[in-house]
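The structure's right below; bear with me while I get my questions together.
Going by the order they are written in, the chains are A, B and C; count residues from 1 in each one.
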Amino acid sequence: MYRASSIVVCLTLLALTGPLAAQGYDPEARLRELGLWLPKPAAPVANYVNAVRVGSLLYLAGHSECGEHFMTGKVGRDVTVDSAYVSARRTALCLLSTLKAELGDLRKVRRVVRVFGMVNATPEFADHPRVINGCSDLLVQVFGERGRHARAAVGMASLPSNIPVEIEMIVDVDER
Amino acid sequence: MYRASSIVVCLTLLALTGPLAAQGYDPEARLRELGLWLPKPAAPVANYVNAVRVGSLLYLAGHSECGEHFMTGKVGRDVTVDSAYVSARRTALCLLSTLKAELGDLRKVRRVVRVFGMVNATPEFADHPRVINGCSDLLVQVFGERGRHARAAVGMASLPSNIPVEIEMIVDVDER
Amino acid sequence: MYRASSIVVCLTLLALTGPLAAQGYDPEARLRELGLWLPKPAAPVANYVNAVRVGSLLYLAGHSECGEHFMTGKVGRDVTVDSAYVSARRTALCLLSTLKAELGDLRKVRRVVRVFGMVNATPEFADHPRVINGCSDLLVQVFGERGRHARAAVGMASLPSNIPVEIEMIVDVDER
């Protein structure tokens, strides 16, 4: 009788902690807590796709801010570091929007693997890391430790449509 | 007797449709239909190799046009978008040439995963996607849906030997 | 009796050649032979990590020279090809330092897969391969055939802190 009730207690605890543990990692809830919402995914502007999955790796195309209204200009001349940080953060939201469209649920993100942050910068610009932090900070806010990634933040001669920031990303995802 | 002949018919159909189905995906036949032929693979210009396979992924080095005669110049100043498109298409043929040398048969290409298209561009250039379409369009013409890839098309300050376009590629391949 | 002694001889030979074979691939011994030592791994300058492993692949962040004292300047104007070669070689040492910190033993490197060599270059610079050879040559000196990688060597508009070279790397590693 004692043993049976122990089992019941254990099963009840498991039933309670299982969902609670899962709830501990809920990137979409985190987005809501941050007061953020995902934009509509961007349609590729040419003959390519937003993402390709191979095994558990999801390769995301180079993204800019989603939507028709986006920042333009060269960082270090037309765009300040602070504004470019905002553009990088919006670009991260656009990447998350593609992830959501591909995965259905952002909890399937096991790890952000690689972020390649490209800044449309003047030849003398030197603060690329502070710009791309706009993306990295958001990824860590939303995914926690799983959002911590290997990164490069570098200066491009020019970018499509004169956007200030473009970001490529590789994500390790739950294959189920 | 009737059942036995049914089995024979089925086996005959399978024997016929098996190769026919395989023939439905024949990138090298597509190349011939397009009137294209693969150039001789380029020898790496320095201490590296053209491709490295790890698991089912084949990482291709940054490629330019194959051969001794290639376009040079900066896009947006010396080279028009239309000419650069042609250079990107020739670069794609050079990538396919490396793929053929590595795989023996282009039917082993399961999916083009990532294309990183680099344009040697002026600081004000903004039409990188139209240039790299020269590569993307060819990949889709040759591989169909399997040729559709995640892509970035961006502007570099300069490229080796002043070429207008350099392209890196990752391909998922049949491991057999 | 004769058969038994044969077995003893074989086992002895195996016991001797096993470690010897392993000793044949010892990148850290190679480093010592070359008179090189690994610098202290760099702390990431922003909200990211030096390396992320997924399966057998280790993705290394964009690295520069390790340490407080590093070269600065634009290649083709402030920095010669020969000096930039040295910076690329030091950057390779910094990448190896991260590898050592991640793996514990450089013998776990099965293959260097991809090197993405970025040169902070003038718009007219054209010798990127000679610069990034500073990294590639060291990788081949240290890892032999396993150090031979797919590579791109390209010109950036600018790099963080005005460094002349930044290098990203992907390595296939022993999972044990």
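Simple rule for what comes next: contacts are C-beta pairs under 8 Å (C-beta built on N, C-alpha and C of every residue); 3 or more make two chains touch, one makes a residue touch a chain.
These figures come from a predicted structure and were not determined experimentally.
For the pair chain A and chain B, the fraction of shared interface numbers is less than half, so the two copies use mostly different residues to meet. Superposing chain A on chain C by their CA atoms means rotating through 120 degrees, a value rounded to the nearest 5. Per-chain CA centroids place chain A at a distance of 28 Å from chain B.
Each of residues 55, 116, 122-123, 155-158 in chain A touches at least two other chains. Residue ranges on chain A touching chain B, taken from their complex, read 44-52, 54-55, 59-62, 74, 116, 118, 120, 122-123, 155-162, 166, 168.
If you check the complex, the residues on chain C that touch chain B are 55-57, 76, 111-116, 121-130, 132-133, 136-137, 140, 148-158, 170, 172.
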